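Chain naming follows the written order as A, B, C and D, and within any one chain the residues start at number 1.
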Amino acid sequence: MNVFYWTVAGTASGLIIVGLWGVLTRKNILRIGLAFTIADTGVNLLLVWSGYLPGRTTPILNGDVPAAEAVSAVVDPLPQALVLTSIVIGVAVAALFVVVAVLASRRLGTADIRRMKELKW
Amino acid sequence: MIRTLFVLLVLLVLAAAATSVIPHLKMRTELDGAGLEYARRGLEDTGSINLVTAVIVAYRGLDTLGEVVVLFSAATSVMLILSLFPLGRGPTDPSFIVAHTARVLPAPIMLLAVYFTTHSHLSPGGGFPGGTIMASAFLLVMLGSSSTPAGSKILPALEALSGTTFGLLGLWGTMTLGQFLNNRVIGIGNPGYLVSAGIIPLVSLAIGVKVASEFSGIFAAFRKSGGNR
Amino acid sequence: MNPSLASALAVFLGGMMLAASVVVLFVRDLLSAIIITGMISLSASVLFLLMDATDVAITEASIGAVLATLIFLWGKGKMGGRE
Amino acid sequence: MNNTLAFVSVGLMAGGIFLAFLRLLVGKTGPDRAVALDTITLISTNLLVFIALFEERSMLMDVAIVYSVLSFLGVLALARYLDGGLR
């Protein structure tokens, strides 16, 4: 039973659930964006967690970690590489979200998503 | 009422799906699959002692190119929307402390960003963090004034140049070794030194400048749409 | 790092992040919600470092501390009084 | 690294972070919370340096450098917002 391992998994899942809850229930459109960012952080944590191996070290093979022992000494580098791009994409998407939200709220005179009838179908 | 029930239903279905996974989870203790191969052969294949950079730039370089395209389209959409619908109301002048900080600090931050970008194969860092730190330096210049910085006119050119460099470095591998973004086109040198790992530092620099110019462009568009004072 | 120390730190940081994420949804002032979201990102960066993901920790620190916070602050400034 | 020293120092830093976190949650105005965020990031930077010390890998210090510089920038952006500079 590794406490660290399962605590991180629980934190990440909790952040995803709280973020989804916020996206589904909040009224202010900017706060929906904030909840989306929180869910994004949770997903990134969960992805990095999937590549974590207890008791190992960073995948950088300098003098501290000889290259011959790399297989038994480092964590999985693949999820880290994926998350690195995912974080940058996430903030670009958040910028697009904020711009569209600001324009919609200025056009309709309100930031309340219940009043944005033109977005409904 | 219906809304609340629907939200509860969605969250319950998600929670049930997550709960059904829990009994099958077990702690990973050994590398397997692609990660095992990257850890075993990464150093001799690419010459980069930072395996994460090796995966991003060399092994999964094509995916990184696609990711940069996604970033480009998001940033372009932001700039397009803001140039079509200006938003009025310019900023106030900065206070004494902010103005003087913004005069002194951008150069050290840019130095830090260049260090992270060019040493991506030796130490933590790489194109993406280096690029965001460069964008932070630009942002600091922007915070220290109430107008758009004069240098923001070359941002589109910088963006195009770095994107083209990335593509051409990839095509170089296709021409000589028959593999896109193969980093052995100029030899991998002696791992652990600054000039090593083939084209990885160059590609990292291209990615860094690309990311920096995208984010700086977003901030410049923000400031321009607010109008100068 | 000592496993029990890492576990204690993870429990502490994870509890803080979860409490803060719930507060973001319910705090009245939008500026406070943005600041608390920045704090969640920075704590996530420490967790990434504890999980030996150094590059991800650097990226998350630079993005979460400056860029995301600033984008949302700009949006709030543009929206003005429309809450 | 001495085990007791590690526990005591990290415990003290966690206590400091927790007190600032309470201020972050219950703080009355926006500027109160901005100052609390600044305090949290300052103490977290020390935490990152200690993590690098315990792991005995000097390159983890790079994260602490970025964290300190950029958390300062974030608080500066917040201050500029309160000043009216992000409109």
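Throughout what follows, a contact is a pair of C-beta atoms (placed from the backbone, for glycine too) under 8 Å apart; a residue touches a chain by one contact, two chains touch by 3 or more.
These figures come from a predicted structure and were not determined experimentally.
Participant: Comparing A-B against B-D, which pair counts more contacting C-beta pairs?
Facilitator: A-B
Participant: Between chain B and chain D, what is the separation of their C-alpha centroids in Å?
Facilitator: Each chain's C-alpha centroid was found; their separation is 24 Å.
Participant: Take the average of all CA coordinates in chain A, do the same for chain B, and state the distance between these two points in whole angstrom.
Facilitator: So the centroids are 16 Å from each other.
Participant: Would you mind pulling out the distance in Å between where the CA atoms of chain A average out and where those of chain D do?
Facilitator: A distance of 20 Å separates the two centres.
Participant: As a quick test, compute the distance in whole Å between the mean CA positions of chain C and chain D.
Facilitator: Each chain's C-alpha centroid was found; their separation is 11 Å.
Participant: Two or more other chains touching the same residue: where does that happen in chain A?
Facilitator: Correct list: 2, 21, 25, 51-52, 54, 57-60, 62, 74, 80, 84, 87-88, 95, 99, 102, 106.
Participant: Taking each residue of chain C in turn, which ones touch at least two of the other chains?
Facilitator: In chain C, residues 50, 54-55, 57-59, 62-63, 66-67, 70-71, 74, 76, 78 touch at least two other chains, as defined above.
Participant: When you check chain D against every other chain, which residues touch at least two of them?
Facilitator: 55, 59-60, 62-63, 66, 70, 73, 77, 86-87
Participant: Touch graph of the chains shown: is it line, ring, star, complete or other?
Facilitator: complete
Participant: Can you list the chain C residues touching chain A in their complex?
Facilitator: Checking each residue of chain C against chain A gives 3-4, 6-7, 10-11, 13-14, 17-18, 21-22, 24-25, 30, 33-34, 37, 40-41, 44, 47-48, 50-56, 59-60, 63-64, 67-68, 71-72, 74-76, 78-79, 82-83.
Participant: Once bound in the complex, which stretches of chain A touch chain B?
Facilitator: 2, 5, 9, 13, 17, 20-21, 24-25, 50-54, 58-62, 67, 70-71, 74, 76-81, 84-85, 87-89, 92-93, 95-96, 99-100, 102-103, 106
Participant: Would you pull the chain D residues touching chain B in the complex into a rising list?
Facilitator: Residue list for chain D touching chain B: 59-60, 62-63, 65-66, 69-70, 73, 76-77, 79-80, 83-87.
Participant: Quick one: in the complex, what on chain A touches chain D?
Facilitator: The contact residues of chain A facing chain D are 57-58, 60, 62, 64.
Participant: So in the complex, which bits of chain A are touching chain C?
Facilitator: Counting only chain A, the residues touching chain C are 2-4, 7-8, 10-11, 14-15, 18-19, 21-22, 25-26, 28, 30-31, 33-35, 37-38, 41, 44-45, 48-49, 51-52, 54-60, 74-75, 80, 83-84, 87-88, 90-91, 94-95, 98-99, 101-102, 105-106, 109-111.
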